[in-house]
Structure formats: C-alpha cells, structure tokens
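Chain IDs A, B, C and D follow the sequence of writing; residue 1 opens each chain.
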Amino acid sequence: MAIAETLPADDSGLAAKTPLTVSVLRAFRHRSLAAGTLICVVLAALVICAPLLTGFDPAKQSAMETFQAPSLAHPMGTDAFGRDMMARVLYGGRVTMLASLAVVVMGAIAGTILGLVAGYAGGAAGFAIMRLVDLLLAFPGILLALAITAILGPGLVNGIIAISIILVPVYARLVEGATREIRSLPFVDAAIVLGAGPIRVMATHILPNVMSSVIVMTTTWLGVAALWITALGFIGLGVQPPQPEWGAILNDGQMFLTLAWWMTVFPGVFLSLFIIGVNLMGDGLRDVLDPTIAD
Amino acid sequence: MTSRKLPALLAAAGLCLSGTAHANELVVGWAETNDTLNPVTTGKRNVGPILSNIFDTLVWISPDFEVEPLLAESWTVSDDGLTYVFKLREDVTFHDGTPFNAAAVVSNVEYITGENTQSKISLGLLGPCAHAEATGEYEVTFTCDEIYAPLLAQMGEPYLGMQSPAAIEEYGAELGQHPVGTGPFKFVSWTPSQSIVLEKNPDYNWMAASLGHDGPAAIDKITFQIVPNPQSRVQQFQSGQSQVMQQTPGLYWKTLTASGKYTELPVEISGLGIFAPINASLFPTDDILVRKAIMYAVDQKALIQLAEAGVYPPSYTPLSVGMLGHDEDAEGKYPYDPEKAKSLLTEAGWEFDGTTWTKDGKTLSVKITAISGKAHYMAQAQAIQGFLSEIGFDAQFEALNAPAWLDLNIDGGSTLTPSQYIGVDPDALHFWFLPDQYFNWSHWTNDELTDLIYQGRSELDHGKRAAIYQKIQDILLDNAVILPIRQNLDLTLADKSVTGITWSGGGFQYFGAASIAE
Amino acid sequence: MGKHVSEDALVSIRDLKVHYGGKGVLASQRADVVRAVDGVTLDIRRGETLGLVGESGCGKSTLGRALMRLEDPREGSILFEGEDLAKARGQKLRDLRKDMQVIFQDPMSSLDPRMKIRRIIAEGLVIGGVPKAERDARVEELIEIVGLRREHLDRYPHEFSGGQRQRIGIARALAMRPKFVVADEPVSALDVSIQSQVLNLLSDLQDSFGLTYLFIAHDLSVVEYISDRVGVMYLGRLVELADTADLYANPLMPYTQALLSAIPDREAETGEARIILQGDVPSPRNPPSGCPFRTRCWRAEAACAETRPELREIRPRHWAACHFAE
Amino acid sequence: MLSYVAGRLAAIVALAFGISGLVFLMLRLIPGDPVMALLGTQAANPEVVERLRRQLGLDESMASQYVTWLGNLFRGDFGYSYGQQRPVSELIAANFPATLQLTVCALFLSVLLGLAIGIVAALKRNRAADTLGMGLALALMSIPSFWLGLLLILLFAVTWPIFDVVGGTGFKGVVLPAVTLALGTVGFNARFIRSSVLSAQTQKHVITARAKGLSRATVFLRHVLRNSLLPILTVVGIQVGNLLSGTVVVETVFSRPGLGRLLVDAILSKDYLTVQAVVLIIAVIYAGANFVVDLCYPLLDPRIARR
C-alpha cells in the first residue's frame, strides 16, 4: 500500500467553533463513512451478541455431525470436527476484529514514538532509526511477519506483535517526516525560547500536530492489518486451535473446498465485509479529517 | 491480452511442461518435495518410493515382509550371526553401463560410511554391519560387530539402493541430482519443487520373482508432479491431470472410493504406525495414573472419524499390523471409557469441581503439540484435545514448525504429540524407548525394557523374537507411555486404467510391474 | 557617542560565528561549510532598538536566532548581563533565556494551530511554574495590553488575522517579562496598513516595559522608523553600524549606499540615482577573498581582494568595514 | 546524474548487506535445530546428528558462519541448501522464472485493469460509472487474496474446469494465480490513476487545449493520457513490492513453485542459506525496481530531468 504523504495537517478541518455533535453529523453526510460505519457496527453487533444468536460452543466437537451442509440447526453448516460454523464465524470475528485493532494501535504507538524521537533528535540517533526503518520497509511485509512469528512461535499474541512490528516503520517514517517539518516551524522555536524541554515540545506541540495524520494513517492501515492478521491465520501461524479466527477458519476449510463450500464461503464473506467496511470508513475519515488529500 | 504475452514468457522462462500424459505415460500426484534423490543422504521417508523405482536393493521385501532375492540371488548367514554372504546376479548393469558386481556393493558401503558423506537414514539401517568385502567377483560378505537381526529386512529398504560407483565418483556432492541405479526406471529430470521425470530402463530384466513380471517395465515414462496442497492434488487427480495420487486426505478417500471409479491402493507403511508418545517426565503425566486416564479417555475410532473421516484402521499397540511381533490382543487393553479415566484421576488425588481438575492448587493441564504443516497431525492433535477436554483436562494445543516441534519434544516440553515412525523391523522401537535416544519422547526408561530391546536385536530366531516384542509392547502399554492412534497408510488412488502398482515392504510404491490399459 | 564597547551594553556579542555543516567522515563533507554568521562583534545597549538590515541570506536572522540559542554558535561569545550565553546548557541556559524573548516573522506558523490563545500566551508561565490564578490574571492583562479582547483567549489562532496573530505573539513574548526581545522581521508578512499599528505597539511597549530590541528587517524604511541605531550585514559579517539618522544620511559603505538607493521614492527625495548592483550575492559556502562585497562593488580595486577591511570607527559612532571609507 | 545513479546503487548494496545481517540474526533466533530438521523423525541417532552437524559446518560459531557466508557471497557463491541438497543458486534459478512469470502477468493485468477503471471513473466523474468503478476498486482492495484464490478455484477449476487447479507455468496454470494476485492491487491502481487523470485534466495546458476547440477525445489522448504515464510508472514501482510479497500466499494457495514458497518452506525448515539468499534477492529486486522506476521519471518528464 502506498503511504499517503500527508503534511502536518492544516487545522481547518477541525474548526473548534462547531460543536462536536454537529461535526459528527456533518461527517456522516459523507456517504462512504456512513456506509462503512454501518457495516462495521452491524458486524460488531453480531459478534458481540454471538451468545444470543447461537447456542453452540465454537470449540465443541461432535463426531456425529461432521461436514453438515447449512440447515436450520446449523445455518452455516458444520466443519470437519462437527463444530457449528456459525458459532465459529461469530466468535472468530471477535478475535479477528480485536486483533486487527490491536495491531494498528500497537504499531501506531511504537511507530509514532520512534518517529518523534528520530525526527526531533535528528543526528546520529535519528539517522540510525531511519536506516533501520528503511531496512524494514524494503522488505515485503508478510515475509517479515512470517519470520517474526517463526522466531516467536505461532499464536495470536505473537501474530499481533509480528504484524505491528511491520507497521512500526510505516508510522515511523510518516511521523519522522512530519516531526522534522513541524520542528522547523517558529512556534516550536517559540516554545523552546519559553523554556520548554524536548519532551514537553514533543508532547504538547509536535504530537498534537501529527496526530491527525496518524489517525488518517491508522484508518487506512486497519484494513491492511486485518488482511495480514487473517493471512497469518490462514497460513496457520495465527491463533491456535480450537480458538476460532476468520483466517484460521478459512485455513480449516480450504482442504475441503469442493466437499464443504460453506466452510470457505461464510467466513470469507464476513471477513471481506469487515475489511470493506473498515476501508470505507477509512476513506471517509480521511476525507473528513484531512481535506488536503481529497480530490 | 495475457494470451499473447504468455507464450513469449514461457519461452523466456524455458519451462514448458506438458500437463497431460500420453499413452504409457503416467503422471503421479506427489505430496512432498524431495531433499535429494541420493538414497544415502535423504532424510525424508517420502523419497523412498521414488528411489525404489530407480534403485534396486540386494533383497526385495514383499508387502508381507517376505525377504526375496533381487540383486542378490542368494545369501547365507553364519551360525554366530555375524557374517552375511550375498551371491550377486551376474547379468546386471547400471543405467550408465557400469557393471554391477561385488566391487560395486563395496563402493556403496564405503560411500555410506565415508567421512564426508552426509549419510542419514542409510547409515542407521546398516547398524553394526557397515563392513563389506568382495569375496569374489559376484560375492560380497558383510560382517557385523554384534548380532544384528534387523539387517536382512533393512537391506531391502530403498535407502540402501545400489548406486553406480562411476556416478558416485563422478558427481560427488551433486550425486542427488544424478541418480544412477539398476532399477526399472532411469532418471530423466528433476525440477525442484515441481516434478521428477523417470523413463523406462529398456535393459531391465531382474525384477523380484513374486511380482511376476519379466523384462522391462511396461510404462514408458513416469512424471511425479509435486503438489503439496492436498486439495489441489485431489483436484488434479479428479480432473484427469494425474492418473495416480498419493496421500489422499481421508474425507476425499471416502468420497472418491465410494464412486467406484478408481483403484484403491492403501499402501501399508510399516513401523510404529501413527502414535503419540506420552511424556512421563512432565507434570502431570509423570503420574502413571494420569497417563492411563489419557489412554482410557481417547477413543481411537472416533478420533479417526473426526480427524480423517474414519477411513483408517485404528491401532492399539505400537507395532504395525503384519510386522514381526505385532500384538493382536492389545485392542482390549484400553477400551474407550471416560468414566474409568475420571476414576483414575480421582485415585491419583485429583479433584473435579465440574469443570476443572485440581490437585495441590495445580490444574490438570497438558500441552498437545503438532507440526503446523501436516494437516493430519493437526487434526489428530485437535481431536485428542477434544477428548481430553471432554473429561475435564485443560488441554492446550500448539502448532509448531518442524524444527521447533522437534526441539520442544526432544527437550520434553510437550505432553503428547502425534508422530510416526517407519521401519521394516520391530527394532525400530529402540529409537523411541532406549535411554539417550533423541526420540525418547516419552522421556521414560525401564531397565527390563532396555534389556529386552537389546535381546530382540540379537535374537535370530523368529519365534523367540516375536515373543520378546510381545513383551516389550506389554511393558509400553502397561506403563501407558505411548498412545497408539492408527495404522499408517499411504492412501494411494489410481485410475482404473492403471494396473499392477504395488509396494515393497515398508510401504514404498513400485511401478515396475504396472501397466496402463489402452 | 564614544566607544564601540559601551558600559551599558545589555548584550555583548564578540566574534560570533555560526557555521553549518563541515562535519562528517569525508574530506569533501568537512570542507562544505556554510558560514552563516562569520565573526560578528556588536553591543546592544540597554533600552535601545538596534535595527539589523541586509539582503536575505546575509545572516541577520541567524544572528538573531543565535542570540536566543536557537542556533549553536561555533565560536565567540554572547554576554547577556555579563553571563556567557554561547556556552550555557541545560538549566543555566533556561535561566538565562528567561529575560529574552523573540517575535517571529510569520504570524501563521509562529502560533501552534492546535492551541487556544490562552494556552499559547500562558505557555511560558506554565513552564515557569506560575500558579494558575496569577497566570490567568497576567494573560488577561496582556491580551488587553496588545490590543485584543479577553474573549479572544478562548479561540484558536486560525480565527485571527495576521496582525492580530502578531499581537498574540507579542503578548506571548511579554508574558515572560523579558528585558531583551529579538524581533525577527515582525511586520514583513503584514499588510502595510497593519505594519504601522504593530510598529507603534512595539514602540509603546518599549516605553512602558523598558525593553531592548534587536529589530531585524530587510525593509529599510521600517528600520529607519523604529531604530535608534542600525547595523548592516553582508555575507555573515557586520559591514556598517551607525546611529539611524547618520547612516541614512551618510552611508559609508558602497553596499549600504546601494541598499539605501533602492528604497522607493528615495530617488525623488534625495536626487541620487538608484544604484543597481551587478551579479548575485556570493555563496556563504565559498565567500570571496578580502572584502566580501568586492565582487559586486563598483569601486573595487586589487587591494580589496587581498585584505579584508576590518570594522573601524570612521567617524564618531559610525563604524564601517571598507577600504575606501573615510 | 551519474553520481545520483552511483549513490542509489551504493544504497542498494548497503541495504542488501543490512538485510543480510538482519536475516542472519533473525534466523538464528528461530527455535529449532536445523540438523534435526533435516533428519525429521527418521533414524536420527546421536552419532548421525553430530556427524552431520560437523559436516554442515553448523558446529562453528555464529560469527564465523556469517563471515564464511559473506566470503562465499563475494565469490558469487550462495552456498548449499541443507534441505534440498543442491546449490542455492540452482534452487533460485529453478523457482525464479515461475515467480517472475506470475509477477509480470499480474503486474500487467493489474496496471491494465487499474488504468481502465481509473480512466473511466475519472472521465465520468461523480456519475454512476465513477461510483461503480470506485466501489469495485474498494471491494477488490478489501477481499483477501487467499480467499479470492479459493473462490476462483472453486468456480473456474472445479465447477467449470476451465483452468488448472495446480498452478503450473502453462497458460491454464498461470491465469488463476495471476488474476488472484492482480485483483488485490487493481483497486489501489484504479484510485491512483483516477486521481492523476483528474489532476491532469485541471492542468493549464489541458484547459488551454480544450479552449482551442480540440475535441474531448483528442485532448484526452494527447494531453491527459500522456501525463498519466508518470503515475503509471509510480504504480508499477509501488506494486512490484506488493506483488512480490503477494506471491507468498498465492503460490501456497495454488501449489505453484516460486521464490515465495521456496522462502516460506526454507524459513519453516530453518534452511539458513536458502533463506538468506532468497531474502537478499527479493530485497535487491524490490530496491532495484524502485531504482529503475526513479531512473525512468526523467525520461518521461523532462521537467524532472532539468531539476
């Protein structure tokens, strides 16, 4: 994915004069934001309410009920272990959604801190950090994730760590550039002359000014994070059985593609819908928060 | 638009593969990539079947473990059991024209034991008998440091296939890409991770007698297409892009054989079957009662039903059906009995509160591991996890890549893990149950057992050997250090037009006697 | 006025050099030095407004920033009330800085767009640990002093015009009760009509708070209006320094003459012909030998290339660095 | 210009070294003994294991292993794959063409489709075709390629057996993998092209040309499209990397040979030298592709060259 070169955002989008509710309402007039939010909210509601929607335990095996096609009892069929697919898809959604969110949040925090330090300190430290960032960026992300999970061992937490590490350089580069730019602005000099130390300058002047770029970036990368975390699950390096997760469920299903299409189709549809929703939301938020890159 | 671009690209890549086979040409859907085609340096079981078509061994082992003449016409064993004299056929030449004789056998043995040869399975098979001497132009004598009963059967494993001394000399480290044997098929080409092509050896005329086939193979060319993804392998076979497929996943075996359109070849891979060693040095399975509870809690038949559509016969004892010493009566030893399992846990001092078992503040927690890339291990481990959870175990599952999996189990960090071991002789047990072996994954030893294993190895009388291995199996099961899961079969399917595919004892598909109906 | 070094100097700059680059592993990197300020010696007297003029890139802004220690001098000293600012670090530097403030050129970017005016003006007080009640009182007082209203305190910078923002910047500087203020082109980004308002405000504040200004600008008429004395910089050096009236009436350096001749309407007033300078300003990476101005000077002779003219007091209180000045 | 090229090349070399060191370290952090991995569960008695460890040079210190590896690399020797018992260079030679074929086909498809959707959407801005095109772009960006691949197999290789299930390098084998790989990147390309066409349309000379009374089509072909060449180049530069990393998943789903699968297998089996070599090559291709793209800019846009 391309990294949108966002400038330290202009403040005009977040005019303080308009009360919050008004700006939220205005934002939702944006079609894709509204549609994306709707999709995400519905999906979130479904996975949160999973216990109300299905009585099955997603891990409960049943030797008598393997590979059942969708029916009234099992609306999405059952899998190789006779587990109810609907329960697995709904409970699995919780894992996928939270994991994606955790990935971007962790990546954003670590990347932003690194970028702030590199951009503000400059010099040898900044140079070292940024060359490391270049190194990580010069390598296809999914391969890096593979290597990291190979080191840490498979598992959901390790998968989340691996993928957030991939996001770190992306954020670091964005924030470093923005920090350097803001660092050179007179209001930072003014703060220094007023006696502010580096940490105070970073926290009160630079961070708030790069935040909107970071948020825009986060919405763009949330979808990518979901794609990667599920890809890891699909390769078998994500969550460990019997815990359900959309990528892992798809992995279970792929071996039986022609015999049990429901094992592949349902989780895939949910996953795609989720990513579409997230991307729509991201597009909308970007337009609303960062008018400079809207066309 | 791509159609115009593609031929050019293909030409550039120089990789034009013909996907479909013509008459008398066979495409085999193969499940695993090869490390080498050098029988001496391979460490992979699944290379064996390909090797057995390129290389002949001194003896042939039938699927029922009868040892027959192949490159050796006859042999004698000295009374002390330390000397084997093989009389060799005199009409055999290697694919490169080098004549096969006693000197060639000696070269092979010297190559296997050579300091710079990265020998793997082969070196282990020779055991203490790795000394060969040409005692005539066509007579070779093996001497052993100690009595080694498994030798004769193991001589028939493809990892001891005879290679051309000229090729050994010429290719050095590259020998694995230029296999030259005396077998019914000659090596043509090998594209790594894609395909291996063999063609008929027109001079072949020394097939093992029990196969009932004279002269060269009927099939002109075999292409082993390497398709690790089981789903793809099945699709390829169903659509006619291959005529033979190995390692058919259970569920597909069930549906495809039900159609009656294909020939079923459940190739029996001998050895210890599929089993899970139970770690007797790790809490809580360091308690024999907990181990026994596990044995009662797992229902092999239902496990196979869950993990592999019920297509495999279960196993109840370490040694495979048909092997020397296989214990027919083991089935009744640990019937599926969850109540019995629970009472054993109670007896061991565990208390059940309806969801979890606790003892001295600890929960009854076990760690089940499996190799992440192997679907059947993953499924078996999950099924075991299901059975143990059923009676209240806190059963954790962890999938690991192969090196990490080996590491963890060698270190004793996992409670149980499905595994397999292949061998043609019951002495295979020694790898898993002698102290100081890497694969003593039960992490358990017993002096009586150790003695018996050594006795079994040096006993030449079949009846007495069988009795020794009966006893060994009793000890293993009584101590509940191994959970047998199922027979190890390579579920091979062939198109009805292909007949005569067989396998050598141990489970190595053999195409020398196969033919394709027009 | 007597000596160049005066007893009542608030800031004494001695041979100050600010260089960029010149570091690195390669010889070519080490040779690549930008001499932004290259040996300036200057006193700023308590209570005066010293104007500093020159073309862009002459180092006048860098000099101003160096006085605030926003740039690190490579050599020389800056004595502020007797303490050397050039070598101070950490807490010592922060203590020294308390009495010095700066007003920036660009009213758009000198205020943090994410902060309300109240926070902007109070920032220095917060850092200094002034209690909230006192802080609020001082901020409210200041906003009125600079001619804005209290209700403006709860707005964001983008809601103000350029002139208003500059007033806010001034209020922020004044909040620290400085003795010395560097005004770095404070009006050049403003409309002409607003410029005089801000200049008047600065003058008024100087009177009421007893401030000392270093007023940096390239607009000579603005400088003439506000300054007591004026210094002219060229290629990182101070080339002429005199009382405002004296300098504007009798410039000694050919460079100053050329600058002055370019002031609009001056031709009509004085009858002097406008002097058009030939060529570009030489690069501060590679300044000419001898007199830095000789490459563009119509009076340049061979001697100008050989020796560098030092700043000398040609007439009382009028200093210039030119071989021909007398 | 020359010093620019030299500088970039030096940066690529430095990058390659950085990555090689990083990978070397990372690999050795992965738990597991490569010697045991070679032997699997077959016949590994302790003597065989120790003998093999010595033969493979794995009993030496890490530093000396790295130095040996680097030394061999300078002589153009990538070393020997433990797992596949042949020179790594041979493995790469055997797998690279398939990856190249897949990536090139996918790149071609992806740019072409992206161009088509992007241009149509830009020309019909804010109309139904635009909404539809951009909706499609977003959907394609969102659908995971591993799932899309499975669906394509289900539809076009199983239900209607038009193409091969096993992705060989023949025409019937490459179509589905290439389509799967391409579709994931089409969305980005379409959006990028759309916005560049839109911004090209508002440029002065285009407006002037239109004012001169040239037909829409002429203006489009002569001015707008030509100015879109640069964005296409940018897209190619960005997508080479994305497609390369996408091959990992696609090669797995379609059982295709290739560098991605070679690398994954090698990582999972701790085949050190293979991993090191493949990583190095992928990184160099990645950096090299961007380098070539950057070199092409001045050729297409004289304004950049002059700068």
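Observations on the model:
One rule holds in what follows: a contact is a pair of C-beta atoms (placed from the backbone, for glycine too) under 8 Å apart; a residue touches a chain by one contact, two chains touch by 3 or more.
Predicted, not measured: the structure shown is a model, and the values here were computed from it.
Contact count check for A-B and B-D (C-beta pairs in contact): higher for B-D. If you average the CA atoms of chain B and of chain C, the two centres end up 86 Å from each other.
With each centre defined as the average position of its C-alpha atoms, the distance from chain A to chain B rounds to 44 Å. If you average the Cα atoms of chain B and of chain D, the two centres end up 38 Å apart. Look at where the CA atoms of chain C average out and do the same for chain D: the two points lie 55 Å apart. The set of chain A residues touching two or more other chains comprises 150, 153, 254, 257-258. In chain C, there is no position where the chain touches two or more neighbouring chains simultaneously.
Contact of a single residue of chain B with at least two other chains is seen at positions 231, 235, 372-373, 401, 404.
Each chain pair that touches appears in this list: A-B, A-C, A-D, B-D. Residue ranges of chain A in contact with chain B, taken from their complex: 59, 61, 63, 66-67, 80-82, 150, 153-155, 236-237, 240-242, 254-259. Residues of chain D that touch chain B in their complex: 30-34, 36-46, 48-49, 51-52, 55-56, 80, 83-86, 90-91, 94-95, 97-98, 100-101, 104-105, 108-109, 112, 153, 157-158, 161, 164-166, 168-175, 178, 252-255, 257, 261-262, 265, 267-270. Here chain B touches chain D in the complex through residues 1-3, 5-7, 9-10, 12-17, 19, 33-36, 38, 41, 43-45, 116, 118-121, 123-125, 173-174, 176-177, 191-194, 225, 227-229, 231-233, 235-236, 239, 241, 372-373, 401-408, 410, 419-422, 431, 436-439, going by the rule given at the top.
Taken together, the chain A residues at the contact with chain C in this complex read 10-12, 15-17, 185-187, 189-196, 200, 204-205, 208-209.
Across the complex, chain A is touched by residues 230-231, 234-235, 249, 251-252, 255, 302, 305-307, 309, 372-373, 375, 378-379, 381-383, 385-386, 389, 397-401, 404 of chain B.
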